[in-house]
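Structure incoming, see below.
Note that the chains are named A, B, C and D in the order they appear, and that numbering of residues resets to 1 at the start of each chain.
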């Protein structure tokens, strides 16, 4: 039972975690990214569309990463290079993603709503027979490569940010771009690269959403997960471990919410759980910060 | 911000440029998928103004202008209100409740319902402002989170305690005709909701252009610390602006319930996406109220024309969403072409 | 001027099989009557009204609408246009004018049968149902499924209904799969999927679990996950709609017709001729099919009455 | 030996010619002053030299080799370092992270923190500029932050060092320390360019002077052979007599009295039971090394910072008032930073002038702005204060620093409040404007207003003030009048007074 819960939490949090990491990278580079929802949706669409055409999950994931990176380029060019307002561009991209995926679904595949095709297969899961019922281990096993990649990325991200020269530069650029420029960092090129990289991460998030387990694309299937990622970036203060924790919290709130339905709680109320818990967590952090300040 | 650096003329030029560029890009998308862009645009244009199109464009403009102005007045003062959905829901539900259950004669009930919606939406946004002011939770995030909570709450309420069991939907009873807002005044194609919104819009425009309060909000948006040093009480002003932005969103909810839908149906207020369209119009207009109104009427026409185009040609109306998004993106990308170093 | 039949849907048809059936139905009717079929997909209250108005304005001889969302709209518009014939599928309006015809379904009967089928085939003695959104209408499926299961096998364990909810309940296969997995882990091995576009997630979950099977909704969904789908309840809008329209044009239509198992408006694939070639796993259990046919006969004859959850 | 040569540098910004054929040459071992009025083009020229801007024409030679920088990296590689007036630092990062930024010692793909710390210590001791590598920059005092800024330039093996108004925020003692370090660096063969508005400093430390006016070189002088008057003439094209205000004493009832005012933040006492009065008809100056609580004191007086103690205007206690009511009670306030808190740079000059008094009858009636009256008033002030602006409708951010400052001063003086509080009245402002601002303040004093001036420029305080209060570690540790108001005494009290004697 607990294994089940843990395993579901891990499944539920992965796309959000990947997108939140993208958001955190951008945040660190000083580009506020609210286009996560839209980019994830594009990633999901491309992953499934590629699967339909070529049948290869690996190719699907790669092209999702690539296309979403391209899709992020307006934010990279406009937001980072040209001093456009990232919020404006983000809102535009979200809308463009929703409209374009729906439109292309009809225009290319002649279907509306959902794209299912026998050629689309879910990413393979690592199941080791016999271990599935071992507590915790069983829950940690049995996911696909992207889930493990997302954990790995948290550590890579952490080391990158706090231990490598490039991470140091990123932190500097995000904090005081003019100072970084004066120190010889090419701020806009750096920001552009990061935003595009983050686009790729969102592509992964979308691929995980579409191919992680269901193997299909449904219109608007991100269903607000990108916004949760935006909130997770805030909650985790753009720190890799912080956002991992925030996403874990979300996954947990969601999975527990689903279970509480079984206990007779109306689903309208359990749906609120992740948001309410986030709000409470932020209020808690805020109160603590206030106490610290007033000491 | 770009907004401040541009004078009115170059702002207009920028918007026009974005629209033209977006129309060309959108045409390219249509063309690539094998349809004829010219007939698509022709149908959109016809559908937006000919026959019933004009009425419908005007009707859709009411909530859109409302939500766009709600976003714009907040932006003007430096707040990003992503919680319009929630404020609209809370306001709409308050209006429905008053209109259904408060035992006063019809017209008074409608007025009371509007007032209740304004207060409810306003207070809901105010709550998010309080979180920003006291705990440093950004208004943008707090309002967004509140929006989700409002969705769940209203959804629960109309599903269970407030439900009209005669229909298959989670929705309240229908508001009695006495408490509704007339759809036509003196047999003109003008509804009460339009008049209310027009009055609100005029007040906002005048306040922004020559009102003392509007001036303070604008200066705060341009430099909050300067405003504070010059004697503006930032905390009080943030609360006030958040309240008004939420109140306007709440009013929109009420106008939709009392003027169009006549009952609160779960999901019905949010389905058309007025909040996001409105936010985009405000952004496109760089928060200038007049330009915001023009932009949102334009978006309303685009959407209405889109549905008409869909009926005529069978191409999905989401194309108009793509167009709207492209307009915004072209506006943001404008410096690529007009760049000086 | 050309003679057209217009169908207005409450939302985009997308993967909503029920709306898809409406589309098939109106197209068939148009082909039968030599008219042109047009489909307008609504998205929200104002576009629905706009579409109905546009259909009236283009002088369509039949304006068909699907779903509860149109109750208020037809009640407002029908009296104004006595020359236009309106068909409402799924609901009716109080004091309907003469030009309004309603085709309503007793979904509870098919769901009851599906419950019985699930209970009779379950090895784990546990069954479940997943709904998209907790709206009264869907309780016709979810509640009656449990009723049918209990009636067919008193010792059966019916899990509490799971709702998908969230931002996009009718098209969130990911959450649907999570819900289904949870029900499977709670012991269910038969799940009735009442979640429109999210059904794919339920099917994926049962396909991944040996021995588990799902029951599909509105059309024969047995091909969606071969081997993992036990059966589907059918809602024959594609038959009812052309028949109603034919009746209207001939002047023989009644203002309100209710369709259930007796009228053939609802069916279980299992009890049809086509079961052998349907791809449904139930085809391999002729004895259960026999039991289901008995229950169906009792419902048709009135020996069993399945209560309407919405009337309560 | 000529180390650096700039020839015919020209740079235009939408119509403004910021640099017009500028030539400049600096020898190794030389300290070279770059002077000029606000907007003369100094920063532009130095930004070009440092690769932050691209010139429209002209060339840069280092060691006789032509350079073509597209970004600061090129300039850094050529041995050019820059100490910006506003520090280009990352407050959230540590000293060593700031120092090795873009130039990190590595161990494999990672930054070697140990090597970096070691590097900071060695560099510091080599140049006598020690600093703790692990401190977070936001916690450092301004003097130390400037030391970090110089170390940053030195760490890149700079041979040409540009310093943009480096003394603006230093105490005389800190300034002397800086000058010693500069001479030391010059003696090792470096070339230093000092951008400044302060003539005494130029005379004290430099070898050559280049003066700019309106984007052109208006004079190249050898320090030993020139005089203050000659420099000023080259800068402004006329003679400007230095302001020396006659000192007065006032025995009127206090206009502002501050009693036992304390500010605590996160457990640290920043302002510690400060009491003082300002009377009508006098200018009281507050001196102090930055970081000793002066801005917090003023914030507390203005109600921008929560504090204990009492503040009154005349006999009205305003301790509980928010800033708006304090202003209404009779305070005009010119904040320290004109960009951050003194103006809304994107709003028009007229809007910036009226803001704050826009609710008065002259500017609005019944809640509506009287736009014509507001613009007329703005035009009047622009003319009276000789602000160089084409129109009152232009964004105030388009003005040069000196002109912007004049607008802010004009606005506050025009309120007619009995008390004027001015922070840094002339920071970064050229001699012509300094002179004008000083004359304005003195004229207001002579009209009987009470004026409180906070400045980190000691020369300015000495010229303006009738009395000087020195702040040290949150307390007022000296109240100086008459002959005690000299650079040495004030400077000593600024460093802590008695202990350092």
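Everything that follows uses one rule, which is that contacts are C-beta pairs under 8 Å (C-beta built on N, C-alpha and C of every residue); 3 or more make two chains touch, one makes a residue touch a chain.
Chain-to-protein mapping (UniProt): A, B = ABC transporter permease; D = ABC transporter ATP-binding protein.
These figures come from a predicted structure and were not determined experimentally.
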Next item on the list: Any chance you could check whether B-D or A-C wins on number of contacting C-beta pairs?
Entry: A-C
Margin query: Using Cα averages as centroids, what's the distance between chain C and chain D in whole Å?
Written below: 76
Note to self: On a C-alpha centroid basis, what's the spacing between chain A (ABC transporter permease) and chain D, in Å?
What the structure shows: 45
Checklist line | Averaged-CA centre spacing for the pair chain C and chain A (ABC transporter permease), given as whole angstrom | finding: 35
Check: Of all residues in chain D, which are in touch with two or more distinct other chains?
Finding: none
Next item on the list: Provide the list of chain C residues touching at least two other chains, using ranges where the numbers run on.
Entry: 134
Next item on the list: For chain B (ABC transporter permease), jot down the residues that touch at least 2 other chains.
Entry: 1, 159
Check: Using the touch rule from the top of the page, what pairs of chains touch, sorted by label?
Finding: A-B, A-C, A-D, B-C, B-D
Notebook entry, point to check: chain D touches which residues of chain B (ABC transporter permease) in the complex?
Noted result: 1, 4-5, 210-213, 215-216, 218-219, 222-223, 225-233, 340-341
Note to self: Which residues of chain C touch chain A (ABC transporter permease) once you look at their complex with the stated criterion?
What the structure shows: 12-16, 134, 159-160, 162-168, 171-175, 177-179, 181-182, 185-186, 197-198, 200-201, 204, 224
Note to self: Which stretch or stretches of chain B (ABC transporter permease) touch chain C in the complex?
What the structure shows: 51-52, 56, 59-60, 159, 163, 165-170, 174, 260-263, 265-266, 268, 271-272, 304, 307-308, 310-311, 317
Checklist line | chain D residues within the chain A (ABC transporter permease) interface of the complex | finding: 50, 52, 71-73, 76, 82, 84, 87-93, 97-98, 100-102, 104, 106, 109-111, 152, 266-267
Notebook entry, point to check: Mind pulling up the chain C residues that touch chain B (ABC transporter permease) in the complex?
Noted result: 38, 40-41, 43-47, 50-51, 53-54, 57, 68-69, 71-72, 90-91, 94, 134-137, 310
